[in-house]
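Quick heads-up: structures coming right below.
Two complexes are shown next, each including subunit A; its partner changes from subunit B in the first to subunit C in the second.
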Partner chain A sequence: MFIDISENLRHFFCHYSEERRLPLYQALVGELVNIRSKIKLVEDNDQLNALKHQLKGVCRYLSLEFDVQIDAITRLQQLYRLVDHIHGQVVAIADEL
Partner chain B sequence: MNILIVDDQQFVREAIKADLIESTFEHDFQTFEAEDANQGIEAIVAIEGNIDLLILDLKMDHCDGMEVINFLSEHASYVDIPLAVISSSDKRTLELVGSIARSLKLNLVGVFEKPINMDFILAETGRLQSQDDHKMVVKSPESISDYDINQLLADEQVLLCFQPQVDMKNKNIIGFEVLARMYDENGYIYPDTFLPLIDKAGLNVDFTKVIVAKAFRFWANEKTLASYTLSINVTAEDLSSDNLVDYIIRHKQAHADIKLILELTESQEIINQASALNSIARLIINGIGISLDDFGKSYSTYERLDTIPFNEIKIDRSFVCDIDTNEQHHLIVESTIALAKKMSVSVVAEGIETESVLNILAELGCDIAQGYVYSPPIEGRYLIAWVNRYVHKDIAANVH
Partner chain C sequence: MTTIIMTLFIYNGLHGFKRDHDKKVAMLMAFNQENYLQHRLIMNAIRSFFKSSEGVKKTEFEIFTRELLGDRKALLFTLTPELTLGYISDDRDLDQLDLLVTTLDKEGNLSGRLPHYQLIALAIDEPNMPYLFYGIPLDNLFFSINRLKDTCLKYSSSQISSESQGCGIPLTSILPELFRYTTELDISIPEYNFYYTLGVESQVRSSKIAEFMCMVLSVLFICALIFVLLYFKLVNKHLFNRIERENKLNVAMVSSINHEIRTPINALLGYSQMLREMPKISHEHSVLIDKMLWSANLLYSVAENTLNYSKSTTSTLVLNNAPINTLQYIGNIQDYYNKLSIPVGKTLDFHVSDKLPAVINVDSSKLFQIITNMINNALKYSTGKAVSCHIDICQRSGFNDESNIRGSYLRILIQDSGLGMSKSTKELLINPFSVDAESKQKQVSSVGLGLYTCNQLLTQIGGKLRLHSVKNEGTKIMLHFPCQFDPSRLSQQLNPVNYRDMGILIVDDNSFNLEVCNAMLAEKQFNTVCANNSKAALAQFLNTEPDVVIVDYQLDEMNGLELIAKMKCIQTDAQTQYFILSANDKNEIVDSECHADIYFMQKPFNTAIFLSCLGRDN
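Moving on to the complex of A and B:
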């Protein structure tokens, strides 16, 4: 079960001035969409691990404590669900920026 | 200042650029970006190595950061480019890469876990450059006047960093020591530069007031920190000021839940004066812990333990940092810990930089550890993320 991360997202964006928030937001959405689309193309474990590493980098910037959760992922579907969850919550706060 | 960011994640590059803009350093930054090592190498060549800071991700798609590291080491004209390696990899991998970069004689600013603290990296870059007699970013004492110090303090150009203190038995975070940096348009000014100037200008009390006010404001706003102690340095001279002591007590009374500890350092031998002892008594009565800082050095001696009911003593870093190789220091630390145990006083060891020193202190029964082995001082805005990461890792470690 995934947790609500909207507060972490707000906390992250409020550190930046208003003019920086939009480019950051767009880059974040783009990054998540990119990872999500790459999941469909994964053919081996190395590729899966590379995507997990990318997601970990994003999560750390957002102060999301997902390292353990990401390390434990073994199936593409698990990774897809987690990325999709984060993406959904990022999109949900778009109006607040 | 030309900064090249090599990272395969656009979001990370954007975050770094945003951090540069929000940085307390008011440089005119020009950023260049590359999304893999090959592009990074092309960019270095294209701008002819005219780079003041290269921020390099370690693990990237296609070819990794080691390609860039090897490229720099093979080209004498690029070997001096200040290099900050960043990654989400585990600590051991980061340490290994740091060792490799150093062995290749690169101009390594450091190896940093994501998310990076841009202000810290810029300050370290400035320090590195000043060591090489290049452009100064961290100011030298000679370049700051009394007027500057007065003005900086009036403008509260003080940045608080926090260094964790960890329980040596269960590895839980106990609290944090506040460490201040001043800054101006050119960058950080470190304590060894600004403290003598503040002392000379007679601004010690004003400076401590700024620290107290900022630290309380920060702690009160971050509920996650309520369970941790907040340690602030004060000098014996500070305690001679009734005005300051009242100020501290008022803050404590307004925030009774904040576990304040004052770390008493001594710039002059005035602690035995009645006014200072009276102040200490008032602080203790108001629920404020007192720690005897720099124990074993200068005026922090056994006499102090006899005079004042300290809650803890902090063994000076000069004795701690090399106890794995210095037999004399080992003996001093061992006897200090034994004495503290008999007096039922907690012992904090600061300046711990290696696992080896940490293990010896654990064997000797030291209570609390502080030092780079856990973390360098952390800028306030990154503190919660650090705490969460530490707590999470600890839970993971216990599970395994």
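Moving on to the complex of A and C:
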């Protein structure tokens, strides 16, 4: 089940001044793309856990309560789908910033 | 494993039986050896006697042989060339010689047979009596072996074959056959042309076999038992892992549903609020809108409780303490209820103690949830009109630990004046899904999750919920919520401070986290510099000489603590304040307690917490 996080994203960005929003947005997209591309290169469980840890950090800043979902991830495909889902929703609100 | 243990055990058991048999054989050999030497001595002595004496007389023979044989039951006699009796060691044995059978072979060697005796023929230097016979009684030979129970000795020579008493025991089953050991010994005295075979056959006693079989079965049973226990342990472990996994998935699902639910609830609350503030709303509609608002509030509370219930069952609750302005915070709760328009006919009063500090460090969201839950319950279920909430602060020893370390607690008393709680309602405190019969009768919906969740939550964070309800008087709920306060420092930090002169170096290899942290601190006018790896961080540290360094614990090349150690080496006399930012709790970081001068903050970065630590001596 994927959750609509667009409200969380709007809420997150509205805390910052307009000139700060774009760098933040770019950093967020860049980080999600970075995680997504790293997923393809994962070879062992430690690398998967490192990426999960990285994504958890991002989610916490966005006030997304995804800790439990991320902990439950055991396959690369699950992580990829979650990151892809977050990325898709971040991209969808680009025009609003 | 069982097969190996059984094989070793059986091998060891059988080896023990064989060892016993070998001991018997060795004993027999020793006995035989002794006899053999004695017989040789006797035969050599009698030969020498005839060789050294000429014309041995009968009395001389009798005296010599009596002395020589002593108590032995052996027999010495001579035969004339006509094979008639010459001399005999003891005249009492004359009768036995009636059964003597002699044989002369082609080479002129004489041999003889006598029942119950092994005869050895010797040629002696006596023309009248050239043949001397030495007879060894078989009884003497079997004497010792007959003492050994379950042992059969078989004697076999060219003259005679005999066996001991133990050989007559018949076998009753096949099993003892497996515990029977046989050894054959060929013994010879060539100079006297004497050869014989000794066969030793020993049978393990049936009591020992029974004992051995019992042991085998016991070991087999123990092995089987261990196997069954291990099997159940594995099954249990598998089951436990599955339950834990399913539990996590359930919490994940509840969390997802909760997230989905809260968005429309917020919308419902927001739109109801907007509707209420619209002009020209009739009183009738206003009452309906108030009901909508109240219901949405309860729904929101249920959603929060569901999530916290799931978290408390998997022990994932953590406190996120941050400084709050106490009076402002309580005012916010009052406003919350003022906006909601509490149920018709009910009143809610707040009483705040004068002793309450202006600023306290507390997990405000959990405190809000617990207070509103208890107030909602009082407003919803009490039959009385007035609900009051008294808030003060106290110092006392902890509730959960046995150590007498005193801590600060917000003490909140929520009191209503209704009929009081029934026994079944009180049970909701420990059993969230027990059915409250009275609520059912009054058609009030209740799953009791709120009371249970608040109790669990408070217990987990080191607080306490006490419930006291008296029939027809009402219910008192006392909450002890852990908090920290240091008015002198916290109040200073909440005052406006100019941070423009304060340089902060932020190090994080996650670019988004770095950017967010930077944005948060920039909003507070801090002078920030960023580095996304340890090498760049060290370079920036040298260039900017920051007042504060915030480092992510997990970096690519080294961990945050190692990077801080390098920075400390560069500037030994600097008054730089160091912070570690980690997704994990301080206790989960190895050696964290060794770094008293470093502040550990949990992600996400919280400006309020950071400011509360800034400039503080750790």
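FYI, the second predicted complex is superposed on the first by the 97 of 97 C-alpha atoms of A that agree within 3 Å, B and C clash if a C-alpha of one lies under 4 Å from a C-alpha of the other, contacts with A are read in each partner's own complex, and residues count from 1 in each chain.
In this section, contacts are C-beta pairs under 8 Å (C-beta built on N, C-alpha and C of every residue); 3 or more make two chains touch, one makes a residue touch a chain.
This is a predicted model, so every value here is computed, not measured.
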item: Subunit A as common anchor, with subunit B and subunit C clashing or fitting; value: clash
item: Contacts of A:Ser17 with subunit B and subunit C, given as first, second, both or neither; value: both
item: First, second, both or neither for A:Asn45, with subunit B first and subunit C second; value: neither
item: Subunit B versus subunit C as contact partner of A:Arg60, first or second or both or neither; value: both
item: Touched partner set for A:Glu7, first subunit B, second subunit C, both or neither; value: second
item: When both partners are placed on the shared chain, which of subunit B and subunit C touches more of subunit A; value: C
item: Subunit B collision site on subunit C, chosen from 170-178, 314-322, 422-430 or 440-448, when both complexes are overlaid on chain A; value: 314-322
item: Residues of subunit A contacting subunit B in one complex and subunit C in the other; value: 16-17, 20, 23-24, 27-28, 30-31, 50, 53-54, 56-58, 60-61, 63, 65, 67-68
item: Subunit A contact footprint on subunit C (complex, rising order); value: 245, 248-249, 251-253, 255-256, 259-260, 263, 307, 316, 510-516, 519, 522-523, 554, 583, 603-605
item: Subunit A residues within the subunit B interface of the complex; value: 11, 15-17, 20, 23-24, 27-28, 30-31, 50, 53-54, 56-58, 60-61, 63, 65, 67-68
item: Interfacial residue positions of subunit A with respect to subunit C in the complex; value: 1, 3-4, 7, 16-17, 20, 23-24, 27-28, 30-32, 34, 50, 53-54, 56-58, 60-61, 63, 65, 67-69, 71-72
item: Interface residues, subunit B side, partner subunit A - complex; value: 8-15, 18, 21-22, 59, 61, 88-89, 113-115, 381, 384-385, 388-389, 392-393, 395-396
